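So, here come the structures, one by one.
Paired with chain B in one complex and with chain C in the other, chain A is shared by the two complexes that follow.
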Partner chain A sequence: MNGKALIQALNGVYEWVDKRLHVTDLFNHTAGHPIPKSSASWFYVFGSATLLCFMIQLLTGCLLALVYVPSAAEAYTTLEYLTFRQELGWFLRATHYWGSNFMVGIMLIHVTQVFLFGAYKYPREITWMSGVVLMLLTLGLAFTGQVMRFDEDAYWGLGIGAAIAGRSPMIGQQVVNFMLGGPIIASETLSRFFTLHVFVLPGSVLALVALHLRMVLTKGINEYPKPGQIVRKETYDKEYATIIKKEGIPFFPHGIWKDLVAASIVIGGILFCVLMFGPKGPLGEPNPTQIDTVPRPDFFFLWIFAIAALMPDYMETFMLLVAPPIIIGLLFILPFINNTGEKSWRRRPIAVLSVILIYLALGLLTYLGQTSPWSPDMKAWSGAETPREFVEGRSPLELQGLAVLQNKQCRNCHAIDGIGGHRGPDLADVGTRLTKDQLVRQIIQGGGNMPAYGKNLSPYETDALVAYMVSLHPRGEQPARDSAVPATPAPMSVQEGEQHAAVGAH
Partner chain B sequence: MTTETNNDKPCGCDHTPEPKKTSRRDFLLLLGFGLNAIAGAMIGIPLIGYLLSTFFKSYPLQWISLGPVTKFPEGATRLASYLNPDHREWDGQTAEIPCWVRRIQENDFQVFAINCTHLGCPVRWFEESKLFMCPCHGGAFYENGEHAAGPPPRGLYEYPFKVENNELFIQGGILPTLANPMDDKKPRH
Partner chain C sequence: MKIAALSLACLSAIALSGCDNVPGRPKKEDRRPEPHHVTDFKTLYSQNCAGCHGNGQSVGPVISMNDPLYLSILPKEQMRQIVTSGRAQNGMPAFSLANGGSLTNEQIGIIVDNIYAWAKNPPPANAPAYSAPLGDVARGAAVFAANCASCHGADGKGLKDKAGSVINPAYLGLVSDQYLRTITIAGRNDLGCPDFASRVPGKAMTNEEISDVVAWLASHRENEFGQKLAPAQQ
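After this line comes the complex of A and B, so read on.
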């Protein structure tokens, strides 16, 4: 058989199949659909990159489920088995973990790009709204995924979730029980989150992705916006049809190559992180009686953790329960608030400013969540050293005070010269800020977010502690004094004192 | 399908279908919907009942022993733990619930839940400063459980307790939250 005959035969087969399955038609209406030439841009690769991450998550997730056992008694053991015993289990766990980070990150870039390019405006409202739901589902997957890594952080993370749920008015307890699958965090809690993470949420994502892509096909991908090109409901559809007619190119094969390059970069990035950093955790066992733990959420939820610490407490319940639905609601109806007009970010200063502000706030809160200066440093009292200059030259009484400061765990919240907790102010120069009397009052009565130590310190201990704290001021700087008391001649600085002593010795 | 084809290809005359026939078709369609609604409800209601069973169940506190009172020295606060009375065999380590027991003197106790009243993180006891400190958002509580510093909206949750035959019992078995604090302490605000 020669080549020509072979091609003819293959064509025949193709035509036979096409007559029945209509694949050419399907291709022309999907992968081969025309897109504006301007949309084949590097800015437009993030949607497909997010979808790629999701595919990686589906694949690695299925493979992890071959070994993982979603039971409170077994989950931790199987995680360790996956990490250390199962061949390439560490690779799967790491790929799933980094895949999720990349998915959330790239999704956020996608949302931001779509927002800045005005793609949510007429006639792509449903594309945007399905995207908002997809974003929530993705964050839900990331959150429930943390619970699958069933270690101490997962256990206490569930506790935090229950505490937030318990703030709901009227039906708080019912919501807590519903979330936990009972009155307490136990195996049924893990099973619930497993069901969400493995069945409900991924299934919903698939359905929503279908809708999202269907909208891209019916209403077309957003053309690259030009400043001054105004969206009007009456004329837009015609204008878009003209663009497609004049400079439309088929997505496959002419538009897709940038997506393919981006996809390989994403896979390369995930692989890089997998090989460089490996899987996350698991940390300590999910043993509630092991309370020497410092629960922290994964990176993408640190900003919420920070908000919970920094909000004034009277508005905390509002911020945790009421604000999120309002923000999500506003995002959801954005296309109806702002349906037409300019698309280009160059003519939408408020949109640009909002994006900058939101990312600045999220970035700062994440940084604060990472460092969490509001948390006491639980080991500072036994572990933090005192720099030499804060010990040297002190009187016996002052040294006793230093011992009290250390033993009474003051340094869990107060650093000396940056060493120790950062809950309260650094004590390195406290002597210049508070007088002796003010120090006594502050220690005995507390206040300004400091506990009162009155019942817990003997008068002698207080005396010694205050004497030491008065001595905490930089060389040459005077201790604080009561403004009502007339100033006495400045006491000699340590250096002057040393000079005098040196002269005396001669 | 047949209906659609019939509609797509009208007979070419202005003759409207007899109302009698349409109403029969409509009736059968309605019957189909109706039967499926009933069947759906018969399956759906138990499913919803299964899913929401926790919503309607109440979980009363149960008396649990923490062991002989001699385990707890007077004037001291100690970590204790109990087996969740409602635990499942596959709960593993999560069945063991910790709590802080403060024995003031003789049979006078305070038993605190481990969970910070702010967002539920485990508070730690510091004997020297007589404070409970939370590792999450910096909440602090005094020896008697009262709020000392930080964002918690109230003092530590307290288990009801009783002493019988020199054995300490607490009433527990739930994860305390602001919605179900086990005690009747008032919030700060």
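After this line comes the complex of A and C, so read on.
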């Protein structure tokens, strides 16, 4: 058989299949559909890159599910098996972990680009709304995925999630039961989250991606916005048809090559992170009796972690239960609030400012979440050493005061010269800020976020603690003094200081 | 072209090394051990002891565990018992799981054994006994004047720019007689307080003198209302 005959035969097979499956038609309506020439831009690659990440997640997720056992008793063991024993198991876990990080990151860029390019306006409202749901589903996948890595972070993360859900008025307990499969975190909880993570959420994502892409095809991809080109409901459809007619090019091959280049960059980026940084965890075992831990969510939820830790208590219910529906609702109805008009970000200063402000806030909160200075250092009381200059030259009582400071776990929240927890102020120079009486009051009664220790300290312990803290002022710097008492020219001697401390605290 | 060649070279290098040596591959030692399975002395000591006792180089508020004299007078079994059950009167917490602490008996054993590995010197020939009953208060005052007054003052209330009071009721209320005895014997060499043998050059304190001076110190104990305590109440 010569070449010509072979091609003819293959063509015959193709035509037979095409007649039945309409492949050519499908291709012309999808990959071959015309797009405005201006839309074949590097700014338009983020949607497909997000979808690529999702595909990677599906593939690696299926492979992980071959080994992972979603039971509270065995999940941690299978994670350890995957990470340390299974050939290339670590690679699989790392790809799934970094794939999820990239997916959330690229999705955020995609949303931002769509917002700044005004692509949510008439007639693409449903495209935007389905995108908002996809974003929520992706965040849901990220959260449930974090629970699949069933370690101490997952355990406490779930605990916090349940505590937030439990605040719902009237039905709090029922919501918690529904979420955890009972009143506490147990095997039922993991089964529920597994079901969500591998069936419900990915299935919903696939359905919504179909809708999202269908809208892209029927309503066309947004043209690259030009300043001054105003969207009007009456004229837009005709204008878009004209653009397609005049300068329309088929997506394949004119637009797709940029998506393919972006796809290879994304795959390269994920592989780079996989090989350089590897998988995350598993950290310590999910053991509720082990409180010596600093649980922290994955990076995409660090900002929520920071808000939850930093907001004043009177805002908690509002921020946890009222604000999220409002924000999601606003995002959802954005196309109706701002349906027509300018698309170009060059003529939409409020849109640009909003993006800058939102990213600044998210960035700052993420940084704070990463450093989480509000988390106590639970081992500092027994492990944090004290620099020599804060021990030497102290009287026996003051040394005993330092021992009390360690034993009563003050160091878990208060550093001395940077060593220890950072929840409260550093004590290295507390003697210049508070007088002896103020220290006694602060320790006994607490205040300003500090618990009262009056019931946990004997008078002698308070005396010793205060005597030590009064001694904490840099050399040459005067200790704090009561402003109602005239300044004494010479500082108190060691003995006077101690007598003073002993009498004052009684 | 150059970029393509470079990428190809990198990929081949990774392929040749077989992913075994890439930095992202978790190593066995990255595995987070369950807290009760930690057996590394350095980790156990730095997490549980260094805050108060220093780490051998740094100093802490209470006696250093790297003090050869202290280690030579304190029987190992007794240290094990102190770590296990604590010394409530001195503020030393109990560390064993059975007593509400966070360490297993095996971990306590590792800590104690390794601390004693620091003890390089044999105990001095004239070393006093670790514990003994209280001595005579009147004799103790004289011993204090001879051995301690140069730094702590004739009345024990401390000297400016030297050392602070050792008869402060709050201080005495927070330490036991045994604590006072241990410090009298071992001193705090790391903080400039000499041990029993070097307070007065050439004249080491005897076992009885130490018991006497501890009795004198303990006689200054007061309750929280400033009333002197009889020895039985202390």
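We adopt the following convention: the second predicted complex is superposed on the first by the 467 of 506 C-alpha atoms of A that agree within 3 Å, B and C clash if a C-alpha of one lies under 4 Å from a C-alpha of the other, contacts with A are read in each partner's own complex, and residues count from 1 in each chain.
As a working rule, a residue touches a chain if its C-beta (ideal position, glycine included) is under 8 Å from a C-beta of that chain, and two chains touch if they have at least 3 such contacts.
Keep in mind it's a predicted model, so treat the numbers as computed, not measured.
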- Query: Here chain A is shared; do chain B and chain C fit on it together or clash?
  - Reply: fit
- Contacts of A:233 with chain B and chain C, given as first, second, both or neither: neither
- Which of chain B and chain C A:71 touches, first, second, both or neither: first
- Have a look at where A:386 lands relative to chain B and chain C in the superposition and call it first, second, both or neither. second
- Message: By the touch definition at the top of the document, which applies to A:407: first (chain B), second (chain C), both, or neither?
- Response: both
- Message: Tell me the contact category for A:292 with respect to chain B and chain C: first, second, both or neither.
- Response: both
- Message: Looking at A:481, would you say it contacts chain B, chain C, both, or neither? Reply first, second, both or neither.
- Response: neither
- Touching A:459 in the superposition: chain B (first), chain C (second), both, neither? second
- Message: Tell me the contact category for A:282 with respect to chain B and chain C: first, second, both or neither.
- Response: second
- Item | Which superposed partner A:184 touches (first chain B, second chain C, both, neither) | first
- Query: So after superposition, what is the minimum Cα distance from chain B to chain C, given in Å?
  - Reply: 5
- Shared contact residues on chain A for chain B and chain C? 285, 287, 292, 381, 407
- What part of chain B is in contact with chain A in the complex they form? 52, 54-57, 59, 79, 81, 84, 86-98, 114-115, 118-124, 126, 128-131, 133-138, 140, 142, 148-153, 173-175, 177-180, 188-189
- Which chain C residues qualify as touching chain A in the complex? 14, 19, 22-26, 28, 31-32, 34-35, 46-52, 54-55, 58-62, 91, 93, 102, 153, 157-160, 163-166, 168-171, 173-175, 191-192, 224-226
- For chain A, which residues count as touching chain C in their complex? 80, 83-84, 88, 90-91, 94, 273-279, 281-285, 287, 290, 292, 379-388, 391-392, 394-404, 406-407, 411, 458-461, 463-464, 467, 493-495, 498, 501-502, 506
- Message: Help me check something: in the complex, which residues belonging to chain A touch chain B?
- Response: 71-74, 76, 155-156, 159-160, 162-168, 172-178, 180-188, 285-289, 291-295, 305, 308-309, 311, 313-314, 316, 372, 374-376, 378, 381, 407-410, 412-413, 423, 446, 449-453, 455-456
